[in-house]
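The next block holds one structure in the form of structure tokens; read it before the comments.
Note that the chains are named A, B, C, D and E in the order they appear, and that numbering of residues resets to 1 at the start of each chain.
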Amino acid sequence: MLREPMGLLGIGLVLLIVLGALFAGLTGYSPSKLAMRDRFLDPSFTHLLGTDHLGRDLFTRVLHGARIALGVAFVATGISFIGGLILGMIAGYGPRWLDSLLLLLFDSLRAFPTVMLALALVTLTGPSLAAVVLVVVLATLPGYARVVRAQTMSLKTTEFVLSARSLGAPSWRILAVHIMPNLIGPLVILVSMDIPVVITIEAGMSFLGLGVRPPTPSWGAILNDGYAFIRESAWPAIAGGLPIIIATLGFTFLGETLRDHLDPRLRQDG
Amino acid sequence: MTPLLEVTDVVIRFPIHNRIAARLTGQPSSIEAVAGVSFTLEAGSTYALVGESGSGKTTLARAITGLVPIESGQVDFAGRTISGLSETALRGVRREIAMIFQDPIGSLSPRLSVRAILAEPFKVHGETADLDGKIARLLDDVGLSPHFAQRYPHQLSGGQARRVSIARALALRPKLVIADEPTAGLDVSIQGEMLNLMRDLQRKFGTTFLMITHNLNVVRHVADRMAVMYLGRIVEEGLTDDIFKAPRHRYTTALLSANLKAEPEAASYVIEAEGETPSLLNRPKGCEFHPRCLFKRDVCRTDMPEEQMPSTGHRFACHNPA
Amino acid sequence: MSPLLDIKGLSVSFRTPRGELKALRDVALHVDEGEIVGIIGESGCGKSTLINAIIGLLPANTGAVSGHIGFDGQELVGLPANAMRKLRGERITTIFQDPMTALNPVLTIGAQMTAIQYRRRASASEKRRRAIEFLDKVRMPDAARRLDQYPHQFSGGMRQRICIAMALLTEPDLLIADEPTTALDATLEVQVIHLLRELQRDIGCSVLFISHHLGAVAELCGRVAIMYAGEVVEQGTASDIFRDPRHPYTRKLLECDPGRIAERQEILPTIPGELPDLVHVPKGCIFRDRCPERFALCGERPPEVTVRPGHQAACHKARELVAS
Amino acid sequence: MLLYALKRLGLALIITAVALILLISMIQLIPGDPAAVLLGPLASPEMREMFRQQMGLDQPALVQIARFFGRVLTGDLGTDVLTNRSVLVTVMEQVPFTLALIFASITWSALIGIPLGCFAALYRGSLADRIVGILSVSSIALPSFVIAIYGLLLFSVKLGWFPTIGAGDRGDPIDQLYHLVLPSLAVGLGWVGYLARMVRASMLEVLSENHVRMARAFGLEERTITYRYALKIAIIPTVVLLGMGVGNMISSAVFAEIVFARPGVGKLIFDAISTRNYPVVMGAVMITTGFYVLCTLIADLIAAGLDPRVRSTL
Amino acid sequence: MSGISLSRRQMLAALAAAGFSPALYRSAALAQGGKVLKVRSYADIQNLDPAFRKGAPEDDVMRNIFVGLADMTPGDTWKWRLDAASKLEQTDATHIDFTLMDGLVWSDGHGPVTADDVKFSFERMADPKLDSPYKGDWEVLDHVEVKDDKSGTIVLKAPFPPLWNVGLVFGSGKIVSRKAVEAMGGRFDTKPPAQSGRYLLKEWQPKQRVVLARNPDWKGEAPYFDEIHVIPIEDAKTAELGLEAGDIDYTWVEASSIPRFKKTPPKGGKLAVKPSLAYVWLGMNVEAAPFDKLEVRQAVQKAIDVPSVLEAAYFGAAEPATGIIAPGLIGHREKTLYSFNLDAARELLKKAGLDSGFECTLSILNTTEFTSAAQAVQANLAEIGITVTIQQYDSGTFWSLGDQKSGDSWKKVQLIINRFSMQPDPSFATDWFTPEQIGVWNWERWNSPEFGELNKKAKIELDTQKRNEMYVRMQDLMDESGAYVFLTHGAVGVCTSDKIEPALMPNGNPIFHGFKATA
């Protein structure tokens, strides 16, 4: 795993973000303390990424933003992962009527434009991290469920599942012992490559004014503030956009190397 | 004494993908994989179902243990009717009937260790007392050293994987083992080992074997009785020796002749069957083998041959037998 | 005259996580013009690596390739990729094992058969005519109409005939058939083997026929080579090999074939033991720890013993092991 | 083929219906009295009551749903309470602009993304493949409104090449095209990367198949195999992907419509929700959901058409 | 340009091939002939009936397609001037005589504009049956006497000075044609039946633009431009860039951009800063604990450092406010009664027994301006132990927060930052803080009968000195209630292209027909 350069790059970037999130408090600045005097400062040694329109240190806010990004990313994709896994398996292995019902539900949810979903939900619950997580879950869960359903249906006819049935194993055991372990690998890869999309959804919601409550320093909020004062200084927008790119690169390469390693077919052991 | 397994007039039908289109355009909306098959299996013996791909032999085998639904007909096992039972009712039966599948490595769950694979039958039926002891004994029965328990399927050779699936099948000492192409995917040198192993286990535990294969050489050495299947029907059935010595149905003769011997300049082989097995979507009229048969007569084209019994236990259905 | 294909001292190794896997070691084999040579070998004996070496399609993790592959006087080992590519499809063609996946599912048969004639300066209709001619040769009924159909509209047997027609379409000097009948039913296998023999006589190309089915090789091939764990252990005419095998592995292989055993046996013969690990190749004879005839001398590398003209076996006891 | 299309169309209608039922139930939960928000607190109680009647909000949810679908079947999507013009007209006026934006974005991102994917697959493992990999992933990560603003700054203000605002004069297609360039750049850029990665993955899958090995054995050039034969198969899953993408591209279109002040359905929905203009919300969502389902259906049909194995079974 | 009939695909290919020759685009835009004025509005028009107009976008358009008896003079001081009237005179406290100018005629052949049309236009505004949201502007109207087809007298029930600052000059004073409007059932929306202004509504492309074309029958002073394109642009950033790229000739900018444009003027344009009449304030719901205690409210009043809040929200472009009435209007106060004093604030909290601090919410509209201001207030209140959670709302939810008739959010609201726009008459500010407005616009739910009385009297007080004292007293009452912290009146930055000379009211509102090209 560690030999491919892409794998190293992926792990390195993800580690960078996780470390950033852990040591956010050590930069010596508070993420929300206002300092009007030194607003829109360019990056310097005292302020690695400069300061925003309220004079707050952007590097600190980005690090605190990492906590939110990772939080939203892992909580949201976690829920979608588990929800998608269970619903997908039920749809794939269960009776046909249940399958078409669930499929109908998945497709209807996916038919909803994401922004429409976000708008309706946020007006429902008010802007908060929970709303962002809920939007992300509703936007990604149907996709995972469909993938799991497709794989469950192909695994259903494999000989090791038939032999388990011929032993008299009940359905739940077949799902848990034989089908799920073979699903987890590809699903983890799909989910890890979806994390960047999740982060951009949060950024998009902040842009529409539906994001997290100020002064929470989510990357989307920083980017959105940077957008509003783009003419004053380009740095806040860059400071907001850069971590999103780094996170995306990190998780995507991590996902790809995971895929090469978890998919036995691609393994080249001669 | 009553036979261990009795299959009478079993018909199995599969719906094809879009029924509406088929019904509108007059095509058949489903295909008949097994078209009325009957045979009996004596306890302790080995019975072979022989046929080429598309003959329905695998479908029939899977139907016996309820993996594939039967449209009509009946399956009796040790005096009890087991066709049409619900999944839960079938669980008891499935202790008595075990299955070995065709792909040596593909029939083992890729993410489980050999130990977990062998523990599965015991866990499913709640006999987990002295689990490790049982597993060790099973590995020994099939000639695998204990350290194989930690290996994973993709780390096994074809032969080793086949031994694991045999061990799994014998875990609960079933009365009947249905082996689907046990020698497929194995080299000739290893096939012998597998057949010897199955013979020893039969002698040791009195297990009855129903073997599904297309390899006539194997059948000649292992099976007591055999049946030849073509397009979902049994065209000839009888003692293995009788059929090898005097095959009557033209398809059986073709099969035997196509079985190339490893002797150069042996009598140059006359091809006794043309073309290939037709698709089940449009079954030929009359005797279904007539399009490929070199000895067909006009009657073969129009009506189905009656079944004849030249000697006890030997039957076939052919208008112009060998 | 020199053989069409002359392989001497060919060795191929692969880089694997466990180390250098020596798939082929010092293989010598030749095919004369118009001759059908069979290669018998069980899984893991290196026959696929041999084919890939000949047609220059070794996989990415190939390590060292040494020795010589002479083809009509031209040395193929080390030949630049482009020059090798020109040979493939023109003078050397291949048929593969699984007909179901050998054809491009989204192109019609006609399109695929004209595509492989891209080197010939001929009009499209001329290429179509030639395709139909070869489909007739492989006894495809109503070839003209079926040219515009797609692979999934043909049965397994039909698809293998199409592959054979494609392979012979360019009238190659050497046709390599890699287990062409393994995936077919017996009745069909017989027809394909007869077809191959007939077409070989008609076109006169040499054929390298690889299989693990002894009956098929015996039926089709003039000369036979037996491969075991990356080495050619014995080669000679078909009658010599099948009647008077001199290498213990060949003898055991023939003994195990249930088809050859006349009487019904209680215990079937087998070759006990496992294939050797080709990363740490054992010293001396490769078959040593599974060989019933092994004795002290087997520790050293066995010489190429010529039992009679054209019949060699790599075993110290080759001369004594006369058929009982 | 027709029968399959009809079956899918039926399914499509059901999906749109379920999506709308989800929407109506969600609207029921939204706090605040829509009438008050829409008419403003100045409006008198009687006016508010009359308005709530008109929008049918005083009925229980089920009646509302039944009434809504009843009217929809007759082609009447209700009237926009503010401008009391028919919702159908209000929404359909905006649809062409969003369609133009979406198809412009998809066209250029496919024209660049797909060949890029093939190129990366052809030279897999090389430095070029890695660079394409990094670029395509970064393009996915960049939110479209950031690209939009930088595009505006560079191309409109500094270089003055492209207009900043609106969708161009109605009669003049050239002018409309000029107004499409920057917005489609912003919306489409993410798609270039996504398509490149997807095409590369499905191409590698196809290149490992047996018939490609056979093509190589016949001496065909790697380039011909990749671009002519493997692409024909690899394009099939990509078309399905494009169908789904075009469908929910309305979400990313909203950002471009806001930043470039373009008319469009995305912004129409955004404004309608903010002013609680439910008839317009319902009508617009119904048309966008219908559009999504239609796109996925068309994409599936094209994919089925491209794959002879599927085509023959329909 | 339209001669080439290229298929869409060829066009894309041609453009790609030609590398998007920019020259082609630039020339195309200018070659449209005729003088065209392109201006921004913040939203699309929805209803052009004076009685049911929605907001500023409709006002800007109506000002050009309709005429009123009078309108506001562009410039820096608020005074009215004659528009379609040749004579307009307040003869006594309750009578105003008017005479229409000659040659005023309705479009689409609806005949001349008559005094009867003026009677119809004003009486329909006050008509309870029509129930116009703006009926308050003319509630004091008794009836309109028609002398002849050109002149008449407006008879009021009581003296009403604000009429001259609002009713007569702005939207509610626009004259519509009785014949045409009654033919459409008494009201219209986006298709005005008859127009008589300097321009006519030529075309409306929803969400895209409104095109006004010169009215050939206009007899008065001819406006400079042939056509006016009103383009709805929500995003301020886009509008600024549009101006600098030359796609629009007029836009207002956010206060926070004013310092930047002062330092470096917009490319190809100029900035004018106008004092805004609007008022921004921090309100406290007097019924929501702990703000039901006077000491807590006064503590908050003393804890807010207004300049720091303005620095955060407007980058110093806006001056602190002393009340809800902007400078230059009657009733403007010199300074507030409370002042920034943290220790006093902490003292007051201790008195209220809350010196250990407490939590509360601050509800705002989700714009950048308010978000920044809220975070500054949050920081200020944190100094005295109050932890504030900021609740951002989209416009739909925000504007119904305090409205009693739409749910129960009015109970939960604690702190609010809000901004009301205004007309140049003090009554327009004080009206919203009266007891009658509790549960409508008086979200602080501050009930001061004295304030209500003063508001009624001031509206009909003719003596400006007395009126001034009343409004000052009313704002003092607001200070004493503790429920209000006045922040600013904001600032209006107007950017116009160098090529045009804008006609702006004192608060920056545009009079498009007054726009001219620079000399």
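In this section, a contact is a pair of C-beta atoms (placed from the backbone, for glycine too) under 8 Å apart; a residue touches a chain by one contact, two chains touch by 3 or more.
The structure displayed is predicted, hence computed values, not measured ones.
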> Starting at chain A, how many touch steps does it take at minimum to reach chain D?
Replying inline: 1
>> Per the definition at the top, count C-beta pairs in contact and tell me whether C-D or D-E has more.
In response: D-E
> How many angstrom lie between the CA centroids of chain A and chain B, rounded to a whole number?
Replying inline: 50
>> How many angstrom lie between the centres of chain A and chain C, each centre taken as the mean Cα position?
In response: 51
>> Can you compute the centre-to-centre distance for chain B and chain E, using the mean CA position of each chain? Integer Å is fine.
In response: 87
>> Can you pull out the residues of chain B that are in contact with at least two other chains?
In response: none
> On chain A, where are the residues touching two or more other chains?
Replying inline: 119, 123, 227, 230
> Could you say which residues in chain E touch two or more other chains, in rising order?
Replying inline: 237, 394, 396-397
> Which of the residues in chain E end up touching chain A in this complex?
Replying inline: 237, 240, 256-257, 260, 308, 311-312, 315, 366-368, 371-372, 374-376, 378-379, 389-394, 396-397
>> Help me check something: in the complex, which residues belonging to chain A touch chain E?
In response: 32-34, 36, 53-54, 119, 122-123, 126-127, 209-210, 213-215, 225, 227-232
> Where on chain C does chain B make contact in their complex?
Replying inline: 42-43, 155-158, 185-191, 193-194, 212-219, 238-239, 242-243, 252-254, 256-261, 264-272, 274-275
> Across the complex, what residues on chain A touch chain B?
Replying inline: 158-160, 162-171, 173, 177-178, 181-182, 264
> Can you list the residues on chain A that touch chain D in the complex?
Replying inline: 5-6, 104-105, 107-116, 119-121, 123-124, 196-197, 199-200, 203-204, 207-208, 220, 223, 227, 230, 237, 241, 244-245, 247-249, 252-253
